[in-house]
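Chain lettering (A, B and C) follows the sequence in which the chains are written, and residue indices restart at 1 in each chain.
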Amino acid sequence: MPGPLSIEHLAAAVERATSGALGAHVIGDPQRVITTVAPLEAAQAGALSFLANPRYRRFAAATQAGALVLSEADQRALFPTGSPTCVLIVCEAAYTWFAFAAQALAESTEPAAGCAPSAVVHPGARIDRSATIGPLAVIDEDSSIGAGVQIGAGCYVGRRVRISEATRLHPGVRIYDGCRIGARCLLHSGAVIGADGFGFAPFRGRWVKIPQSGAVLIGDDVEIGAGTTIDRGAMGDTVIEDGVKIDNQVQIGHNCRIGAPSAIAGCVGIAGSATREAGFYTGIYPFMRNRDWERNAVLLRHLDELRERIRRLEAQVRTQQTGSDR
Amino acid sequence: MPGPLSIEHLAAAVERATSGALGAHVIGDPQRVITTVAPLEAAQAGALSFLANPRYRRFAAATQAGALVLSEADQRALFPTGSPTCVLIVCEAAYTWFAFAAQALAESTEPAAGCAPSAVVHPGARIDRSATIGPLAVIDEDSSIGAGVQIGAGCYVGRRVRISEATRLHPGVRIYDGCRIGARCLLHSGAVIGADGFGFAPFRGRWVKIPQSGAVLIGDDVEIGAGTTIDRGAMGDTVIEDGVKIDNQVQIGHNCRIGAPSAIAGCVGIAGSATREAGFYTGIYPFMRNRDWERNAVLLRHLDELRERIRRLEAQVRTQQTGSDR
Amino acid sequence: MPGPLSIEHLAAAVERATSGALGAHVIGDPQRVITTVAPLEAAQAGALSFLANPRYRRFAAATQAGALVLSEADQRALFPTGSPTCVLIVCEAAYTWFAFAAQALAESTEPAAGCAPSAVVHPGARIDRSATIGPLAVIDEDSSIGAGVQIGAGCYVGRRVRISEATRLHPGVRIYDGCRIGARCLLHSGAVIGADGFGFAPFRGRWVKIPQSGAVLIGDDVEIGAGTTIDRGAMGDTVIEDGVKIDNQVQIGHNCRIGAPSAIAGCVGIAGSATREAGFYTGIYPFMRNRDWERNAVLLRHLDELRERIRRLEAQVRTQQTGSDR
């Protein structure tokens, strides 16, 4: 539930969060109070909105938002003399300024620290006093839960798992034995960290399992989507570096190393032992950098047209061949 | 466990369910008792089967089913004078008649209403007396659970969630704070409703999270498959309209609106903010209407042949070019 | 945690496990003690490593592993007179020998048998005395849990489910009513067995559910990955035969039959009623044998180049056409 803040306070919050790196110029009343965020078309007087893509200028021109973050070019084009209804916050990185402001508005009250009576915590686990363990969560032997960590209802934290400070597990996350999660991470429901990688050797018409003896090491400030699975290493570890953001239902195979600060969009699978440099990835297995995927995906939907063009070419070339043979 | 019903009773049940919209003509003994449904090849005397696709006529001709739903054309072709062993139920929408009949046979006994002693229900939640809360389920603050709702074992229902009458959550469904589920919905295990959408702004080589302040609103009569994830809106809500059917492991991004009455088959991902009209969708991201996908998917498996044809054309054109240059 | 074994003991363990089918010749000290497995580049004196692909010969030549499994050809090429630091285990099926040896090193202590006090076990369920039921697991009416079975924390086992001996469910697996799991299976977190297949008939602009009255039957020695979903049959059953290995986030539709001993790699969806012979499958829906997929996947990333080549051809053919028309 976003809390109300004046634009002056919002700007100060963004300034603190960015160490002054995101300059913004306010045109209008800095005392106006903002209570929420909203898209351009739906925003009312108490809402902050943003214009990051010039394609949406016509929505910005008509917005009823109480405040609007936009670039100087957009401001000059749309509101050269300011706006009678809308406080303008002019910033070159409008979307990023908006992101920090939305975080300031969203700051929620922390749950009370402590273990729910229904949680099952092994006596050999170490739980920081400021951590919150939700109802029906299970914390297994020799695990260590850091300061301010929130473990949601029904989560499972295996043996010898280490979770660093201020990380949050939404309900129903499962972490296998021996994995490590850094600080300030966010894991969504249904994520599974550390299941066995898919490794088998053939023997007389059957598959022999390769024991998966590595673990998963997740850095700081990582977000992992709902239903995403990250396999433990076969030998050595699977590594997710600091700041990586992974969408829902992504599958990351054993011994992958995902470089900081990649962002991996929904529904992709990453085969075992892949190493990924920083970038924004989308698509299908074997997945691609976002720009490559978008270029190809369009064609994927029109393969039949490509085939038709090949057919026509073949017919034409055959005709010409016949013609020149004559 | 399907219960026994005479064909006459079955026909009456279908009549009630469809308000008389599905006419059927019975050839044979309407008092024959049906206990179950079965495919044409496996059906025995107590089973109801159906023929919806003329490709399977030879199986229908040899079926040992006690009763068979089929179109008039199929009946005339296969059993012009009726069948000595099989009661024929002649209906133009044979598969739909079968669906309603199978529902009548499958009607199961409801579980006893009430909260399992091991469930953890917040004192601020409102649970209708006729609802069933399974073992080890968690119902959080200010949630409201309607009449006849069944919450399976180990489900999590967050704060301020509203679930309307006769909806069923199979074990291990998770619903984040503030989401709403309509009436008569069916959610399968591992479904996650309302996790954060994937929204980040870039700032100095790292990703800044856009708080996801919308919710997920699900209409009436919606089915959601196992492991499917539907993200909450960034601003504004993600909306699934009445009657939508979604298969397993589908990912629906933030602020999508899925129109009534779409059916979305397994393993697709729908990018954020997509709006879908009614239709039947399959395939991969970016996903397509079923008919478009089927046309393209075949080619996808033969890309190497397309390339080979292009190579041959290039060689031929080169030869002709050389020829005409001479 | 792998336990220490001498190479002589390791070789004996592999011999027992394979009934003597995998011959190996040891060059060096058979009393050397091995404590773990490691990849070629990271292995230290106490580690066993392997060379299965000649591409990695240069890593094998420089490895500091205490023991190395490799083929005779690789041994002759790299270490024709043996190695001063590394015991060589020469075997034609080096990877398979390594797999069995790694299993011997990985043999872990079993958890104490019995039911966790927080588990909810229906009085009508039959639990073998040697089985282990983890904390907050739910075992429903008329289910039967075999000898040595391990049910992880928070699992759900429905009504009339039968799980045979020595099968292990990691935390958070869910098995719907009436399904059967064979012996020595391994199911990973978030797997859902027996959710409804996706079956609907159209009726007046809405979808009518086909009750899914079959079950899922899983054979012996099957492994099922994290987040994988296997739907129950519509009529008749979905069948996974003995020895099948399924990766994470695979979706298997109703009434599929997956033949022994297939291996199905991550993130594929198998449409309803598909029958699969033994093989190794990868890719996307409609999925393909691995070798077909690899051939096509490369092209998928270069569709735009294919289109460019078609464009050039069209231009050339047009030019030639114009030329010959002149």
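Just so we're on the same page, a residue touches a chain if its C-beta (ideal position, glycine included) is under 8 Å from a C-beta of that chain, and two chains touch if they have at least 3 such contacts.
This one's a predicted model, so the numbers in the text were calculated from it and none came from an experiment.
Asker: For copies subunit B and subunit C, work out whether under half or over half of the interface numbers are shared, and give different or same accordingly.
Answerer: Both copies touch with mostly different residues.
Asker: Quick one: superpose subunit A on subunit B by CA and send over the rotation angle as a multiple of 5°.
Answerer: Superposing the C-alpha atoms of subunit A on subunit B needs a rotation of 120 degrees.
Asker: In whole angstrom, how far does the Cα centroid of subunit B sit from the Cα centroid of subunit C?
Answerer: Whole-Å distance between the two chain centres: 28.
Asker: Which residue numbers or ranges of subunit A touch two or more of the other chains?
Answerer: 136, 154, 172, 190, 227, 249, 267, 284, 300, 303, 306, 310, 313, 317, 320, 324
Asker: Would you tell me which residues of subunit C are touching subunit A in their complex?
Answerer: Listed in rising order, the residues of subunit C that touch subunit A are 2, 18, 21-22, 36-39, 42, 93, 95-96, 98-100, 102-103, 105-106, 116, 118, 134-136, 152-154, 170-172, 186, 188-190, 221, 223, 225-227, 243, 245, 247-249, 261, 263, 265-267, 282-284, 297, 300-304, 306-307, 310, 313-314, 317, 320-321, 324.
Asker: Quick check on the complex: what are the subunit A residues that touch subunit C?
Answerer: Touching subunit C: residues 120, 136, 138, 140, 154, 156, 158, 172, 174, 176, 190, 192, 195-196, 198, 200-211, 213, 227, 229, 231, 235-236, 249, 251, 253, 267-269, 271, 284-286, 288, 292, 295-296, 299-300, 303, 306, 309-310, 313, 316-317, 320, 323-324 of subunit A.
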